[in-house]
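Dropping the structures in below, format is structure tokens.
In what follows, chain A forms one complex with chain B and a second complex with chain C.
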Partner chain A sequence: MKVRVKAFARFREILGSDLSIEVPDGATMAAVLAALRDRAGGEGDAIFDETGALRAHVILMRNGRRVNRNNLDTLAEGDEVAIFPPVAGG
Partner chain B sequence: MIDITRDVIDAGVMIEAAKRPGMGALATFCGVVRDDDGVERIELEAYEDVAVRELETIRDEAMREFPIESVDIVHRVGSLRVGETILLVIVGAGHRKEAFAASEYIIDRLKQTVPIWKKEFYRDGERWVPGESMDWMSSRSG
Partner chain C sequence: MLLERERERYSRQILLFGEEGQERLKKAKVFIAGAGGLGCPIALYLAVAGIGEIRLVDRDTVDRTNLNRQVLHRESDLGELKARSAEAKLREANPDIRVEALAATIDETNVRDLVAGADLIVDAMDNFPTRYLLNREALRSGVPLIHGAIRGFDGQATTIIPGRTACLECIFPEAPPGEVFPVVGTTPGVIGLIQANEAIKYITGTGDLLLNRLLLWDGLSTTLETFAVERRPGCPACGGEVRP
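Right after this comes the complex of A and B.
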């Protein structure tokens, strides 16, 4: 199934702004993060630490609601995942 | 009005539009691009759907917490030069104290929770402005 991923600010420059990622049916956020890690490659230091885990400040959303990085909920076809650094508006 | 816009913000027009007969005070906060260390322009981007929803939530909280009559928040995105308005917050109230207090509450919340980012451009480089942590959103969403 396909999941849409939106990245913002520094992460957009690394990953692209609006991606469609193929994950297996029944996949969780972990599968999306693994795909993003592969995509980021050597540029991924801003997002992932040396063990491949998300850095502490990284924020994830699923369909506009913040989710924990270890969330085990099953994703659905067409879900929108967002990944971004701390906000800096105003 | 709550809005994320690519258009120039006209503070005078917005203040006039916000006025109601019961208001004796309109407190206006205007955030502006500053020329820190040779900044020439900035670029702002937003996760627009979520940013608008968060701004609406902040407006609703301010209306609950303070005895005020109105809240307008407009935030620019796109490329802005030094001196251009990034953000306009207008709080209408009967009296000044609650208008000032509510406008400070709104801008503090906005900086914590609304998904907007800014990049500064200098003559010889660029950098993303470090952000705040969204702690409040994380505690709210469970």
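Right after this comes the complex of A and C.
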């Protein structure tokens, strides 16, 4: 099934702004993150730490609502995932 | 009561929210944390909107690298305290309001006194540790906090009502790493004015606020989106519980 991923701020430059990612039926957020890790490749340091885990400050949204990175809910066809880092400047 | 010259000065916005709304602005006291990229447009627009009392705090002096975005400060202000520079411009912009500008570092020892008496806290800081401090003081005192932050062409904003909405630590449990951030002045201009607009709406009771909504501005693609955010159970700052 296909899941749409929108990246914002610096992550848009690394991942692209609007992606369609193919994940197996019954996949959870972990499958989306694995696909994003592959896509980011060498530029993924801003998003993932050395163990491949999402960096602690990164925000994930599913269908417009904030979700935990370890959320085990099954994704559905057409779900929209948003990923972005908070900005801190003033 | 509004003075005759105030009725004239604010006549175009009195058309929007009436003399009653204008009187609410006149009675309001707003604490603005920071007189930098966000703080300058926020303070200027709240001053000309007729906010009765503005308390502005910034510890820094004006540096030439600030001038691409911190629009209250000029070449002739280099080396001057930002608080003093901003105060002078705000007084010139609107002599009918009270401006109290303080050169201080906001920390655990003074945040309570700095916020005391304010109807609203506006976050115009450049770092998350101080933002978390403002958030905790908002929760302790019950005073709403209007958050904004920027980097590059990107920005975010949300309005926090203690006990009713997600707090800053519900939305951002972890601070992003500190850095010398790139920025073009239009980004804090956009986000600062969204924050000032929220402040005016909150005080006059007009429209729908950014409650439990995180606004993201992307200046490179000229898109603006809002996402639903919720109180986080077990949030160390607010406990994530909804007050009755």
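In this text, the second predicted complex is superposed on the first by the 86 of 90 C-alpha atoms of A that agree within 3 Å, B and C clash if a C-alpha of one lies under 4 Å from a C-alpha of the other, contacts with A are read in each partner's own complex, and residues count from 1 in each chain.
In the analysis below, a contact is a pair of C-beta atoms (placed from the backbone, for glycine too) under 8 Å apart; a residue touches a chain by one contact, two chains touch by 3 or more.
Treat the numbers as computed from the prediction; the structure is a model and nothing was measured.
Chain B and chain C, once both complexes are superposed via chain A, clash.
In the superposition on chain A, no contact is made by A:N70 with either chain B or chain C. In the superposition on chain A, contact is made by A:P85 with both chain B and chain C.
Of the two partner chains placed by the overlay, chain B and chain C both lie in contact with A:F8. Taking chain A as the common frame, chain C overlaps chain B at a single listed stretch, which among 1-9, 73-81, 109-117 or 217-225 is 217-225. Residues 8-10, 12, 57, 59, 61, 64-66, 82, 84-90 of chain A touch chain B in one complex and chain C in the other.
The touching residues of chain A, when paired with chain B in their complex, are 6, 8-10, 12, 57, 59, 61, 64-67, 82, 84-90.
The touching residues of chain C, counted against chain A in their complex, run 34, 36-39, 123-128, 148-152, 154-156, 171-179, 181, 183, 188, 216, 218, 220-221, 227-230. Of all the residues in chain B, the ones that touch chain A in their complex are 31, 44-47, 49-51, 53, 75, 86-87, 107, 110-119, 128-134, 137-138, 141. The touching residues of chain A, counted against chain C in their complex, run 8-10, 12, 17, 56-57, 59, 61, 64-66, 82, 84-90.
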